[in-house]
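A, B, C, D and E label the chains in the order they appear, each numbered from 1.
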Amino acid sequence: MQFLANPARFLRIANALLPWLAIVTVALFASGLYYAFFDSPPDYQQGDSVRIMYVHVPAAWMAMMAYAALAVFAAMLLVWKHPLAEVLAKAAAPLGAGYTFIALVSGSLWGRPSWGTWWAWGDARLTSVLVLFFFYLGHMALTHAFDDAARGAKAAAVLALVGVVNLPVVKFSVDWWSTLHQPASISRIGASAIDPSMLTPLLLMAGAFLGYFLCLLILRARAELARRKVRALQLLAAEGG
Amino acid sequence: MGGFALILARDLRLALRRPTDGAVAVAFFVIAACLFPFGVGADPQVLTRIAPGVLWATALLATLLPLERLFLADAEDGALDRLALAPNGLASLVLAKAAAHWLSVGLPLLAASPVVALLLNMNAAGYGALLAALLLGTPTLVLIGAVAAALVTGARRGGVLLALLALPLQLPVLIFGVGAVEAALVGDPVGAYLQVLAGLLLGALVVTPIAGAAALKLALE
Amino acid sequence: MGGFALILARDLRLALRRPTDGAVAVAFFVIAACLFPFGVGADPQVLTRIAPGVLWATALLATLLPLERLFLADAEDGALDRLALAPNGLASLVLAKAAAHWLSVGLPLLAASPVVALLLNMNAAGYGALLAALLLGTPTLVLIGAVAAALVTGARRGGVLLALLALPLQLPVLIFGVGAVEAALVGDPVGAYLQVLAGLLLGALVVTPIAGAAALKLALE
Amino acid sequence: MSDFIGESLTCLRGERPVFSGLDFTVASGGALLLTGANGSGKSSLLRLMAGLLRPAGGRLWWDREDLLADPDAHRTRLAYLGHQDAVKAALTPREDLVFWLRYRAPGLNARDAAARADEALAWAGLAALAELPCRVLSAGQRRRLALARIAFDATAELWLLDEPTTALDANAIGLLSDRLTLHRAGGGMVVAATHQALDLPDAATLDLDVYARRRSDAAKRGLLLDDVA
Amino acid sequence: MSDFIGESLTCLRGERPVFSGLDFTVASGGALLLTGANGSGKSSLLRLMAGLLRPAGGRLWWDREDLLADPDAHRTRLAYLGHQDAVKAALTPREDLVFWLRYRAPGLNARDAAARADEALAWAGLAALAELPCRVLSAGQRRRLALARIAFDATAELWLLDEPTTALDANAIGLLSDRLTLHRAGGGMVVAATHQALDLPDAATLDLDVYARRRSDAAKRGLLLDDVA
């Protein structure tokens, strides 16, 4: 970790990584989408609407994973004062928010056919994900709420850490409370209870979503670093020095 | 007398003397409830049905709204600097202010709630559970709100932010609070709900002072 | 450009930048609405039934709450003295501040109301009436609130007073506002209601600036 | 040649007598320096002069005309600087100046106001900070801003300054006194309360401590007033 | 015999460099006077010394010990007076003093605190106003109150005063400098930022304008920091 402290080094590594990541991501997307739409069976109960799963589930997983990453960055910033954490957190939050939004929308689109309702207030899984979404929004808002960018980043980091309590709720709400939402069948500890023909595309899509996340993370971090350099130079000019 | 008690006493005094947001909160709570019969139309069934929800929602808002100025007032007139520059840690400052806020807003709210319940002709069976739930719930709401308030002190759009940051964390309290009351109304045992609320309160008591202190340190920079 | 427009522009700027009570109000409006489903429970019938009432009650509170600081902020930092020491009369000051408040709170509220109506799954038939009623009603609410705010600026315990002074005067707006929406929902004509609301607004436009100016003069002493 | 006269003024603050039987005269081009211990009533007197406080006794004349007869006219002709700077943390110095300049002189159009504001910012040495929120201003920079509003207020004939030099550095004080001289040369009047030496050439001085001893009988009068009101 | 040392300090405010490479030393019984134009960084430096700001570069030592190592100890040993008086309009001067005295010295019991507060009120000449809400205090009276808190703070070894003389009359300034001498005689340290002459016998002077020209390289450093953070 620490050896990435210097942004210059980070940038060098990131730039080297980016093209390969991009290629892999595209490949995963292509194959994943192919399987999802053409080479996987419709569900015996749900028919073709099951295909929403290939978007919904990976998105949901990424929503949680991105938040975990955000929390790690926050800790790096507050505890170890890791210089890059600020940039990475700022870059990651909107991506996580995006995935959460997709999970929510795809979920409620899926809910209509399978539960007969778009949204169920009071369903623990749904609510907790909505809360997760709020945390992302709060993080983004707080980051930009101060004239002093550093202050905003730190404040947002505190929030991110506080919000960690919500992650287990999202994950285990289905086990803790009786929800409309089905419990983990794939990401279950031990054997996964889902047909391989559905598992393959699902995992491919998951990989694609992950790759996409990493690519954008790098791109956004790079842009942020550039922005900072520019602002610093402007200030330098303003000081007339 | 430690810093905690001192700040508590001071803030309570101020709350009693200043154009107090706390008092608004209570007024707001009662008024909000009075408004619903007008709005909803006095149909008793409906009122009874929605009473617990309305009670908790308005209570939550009533505690949340005045919180924006919890630290802002002291930050603006320079008192926050001095409060931070004392042997007593920031954590105790957060706790003290939260406590003062709860005593000046939460308690009156509690006292007012039976009246409000009456206005919303809530079934008498729910009163006990309502009071117990509010007693356990409102402190948690305030503690969570205090952290949010510390985070947004000095922020450009503190108000909305506060709501945005606090509510996600406060939702569970609301849900279990309402759950308790409704359970009581249909005659189910409320113990489980109250236990959860108590658990939330304990958790908040442990976590929020730390988080709040961290947030305040930033506000001082 | 006269003093009116200048203050209007200035206050709007501030509303957009400052930790703005106005923004809270809107967040509050939306969130309050989000809360009710949690509280009341998701039963769509009930929600639909109470939607207009909840909407108006929350809207009223959302406009009323931030009003306490309408003049207080300027009084505290000495700006009110300077604002009063200008050729422009105090009446235009009151109007301008009320207008700014409505634009920064009332309008967003209006914009948010369809969303809120949706969350409360209000029947689509009511939307038109709701918007029209809010459009005519909220300015009146703000104008009345502004006078109350001016009155409490000098006085100590502002908050409660404000609510107590303003609400009785504001109730008619609430009643006719809800009336309009419910009439629309059951398919009755809403014209009469809207006319009353318009009448109330005109009356307020005439009376409140004068009353507000008188109140402010006292606050300056 | 206008003049501003106060006659046997009595001031009560919250029923507490501050001074009574106080007289003063300022002619155009003239200056009056208010001195006195803390709490002697300098700020109160300035607020009386500004019409922000109502005298409990005595009269205020402008060109032999009772001020209370036409308060609006008086408002237009005076600029008041209080202890507080009335600087909004969220606005930038330029926005602040443009607003106050135009608010004081309704005729002024946006462009002229902007130009004048730039002039004022340069004068106050805030040009570099013109676009930052006032939150970041240092104490002296805030005071400079508050002064700039008045220094470039074309319409004000009477300047009422309550401790204008607070938080100002030597340089700024110099700028201020130049501005004061200019204003007086143009026939303007200046009334300033200050504890620091502020060089106002041939300014009359009014020491409010003198009136302290008159307070007691003012108290009686206050009582009387109290009975009546 | 303790001493307070700052070593090549850099201060950024909102990413804007204020000063850099600043050194200072204060020994017990000593005094340091901060001078400089508005915006030169006096208040910022005082906040650094108080630990309210974190230096962007350099170190602060107390008795050869890094301050950041044990911030609590530092908090206890210093008293800070900012530009603002932090006077709550609703509290009375006595309440204000009792609170702050006890808040600073947790050991102090209510009776002693009250006695000490009366002493302080007498010193500040506020005895007559002790029971009125601070809302009614004049600017100078507020400042006196804010100073009294520090002047009678037994625990503070290091006084950090940001323009203590603001709004004070000659009399009050006299009282203050007596108090300062007393404090220093007792081995206390004083760091004061001021534009007015404040008589601190044989006090070292630190002129912050000197560091203005060093800003540019601070800016570069700022850029560097930016790069890393």
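Simple rule for what comes next: contacts are C-beta pairs under 8 Å (C-beta built on N, C-alpha and C of every residue); 3 or more make two chains touch, one makes a residue touch a chain.
These figures come from a predicted structure and were not determined experimentally.
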- Going only through chains that touch each other, what is the minimum step count from chain C to chain E? 2
- Message: If you average the CA coordinates per chain, which chain's centre is most distant from that of chain A?
- Response: D
- Out of A-D and C-D, which chain pair has the most contact pairs? C-D
- Item | Rounded Å distance, chain B centre to chain C centre (Cα mean) | 24
- Quick one: report the Å distance separating chain A from chain D, using the average Cα coordinate of each chain. 59
- Using CA atom averages as chain centres, what separation in Å is found between chain C and chain D? 36
- Could you grab the centroid distance between chain A and chain C? Build each centroid from C-alpha atoms only and quote it in angstrom. 39
- Taking each residue of chain E in turn, which ones touch at least two of the other chains? 14, 16, 83, 90
- Could you list which residues of chain A touch at least two other chains? 122, 147-148, 238, 240
- Flagged in chain B as touching 2+ other chains are 17-18, 152, 155-158, 160-161, 164, 167, 171, 175, 221
- Query: Which chain E residues qualify as touching chain D in the complex?
  - Reply: 13-14, 16, 36-39, 43, 83, 125, 129, 132, 136-141, 143-144, 162-163, 166-172, 195-196
- Query: In the complex formed with chain C, which residues of chain D make contact?
  - Reply: 50-54, 72, 75-76, 78-80, 82-91, 95, 99-100, 102-104, 106, 109-110, 133
- chain B partner, complex, touching residues on chain C are 17-28, 31-32, 35-36, 38-41, 43, 46, 49-50, 52-57, 60-61, 65, 68, 72, 152, 155-160, 162-164, 167, 171, 174-175, 178, 182
- Message: Per the contact definition, I'd like the list of chain C residues that touch chain D in the complex.
- Response: 1-3, 6-7, 9-10, 13-14, 17-18, 74, 77-79, 81-89, 220-221
- Interfacial residue positions of chain B with respect to chain A in the complex: 147, 151-152, 154-158, 160-161, 164-165, 167-169, 171, 175, 203, 207, 211, 214-215, 218, 221
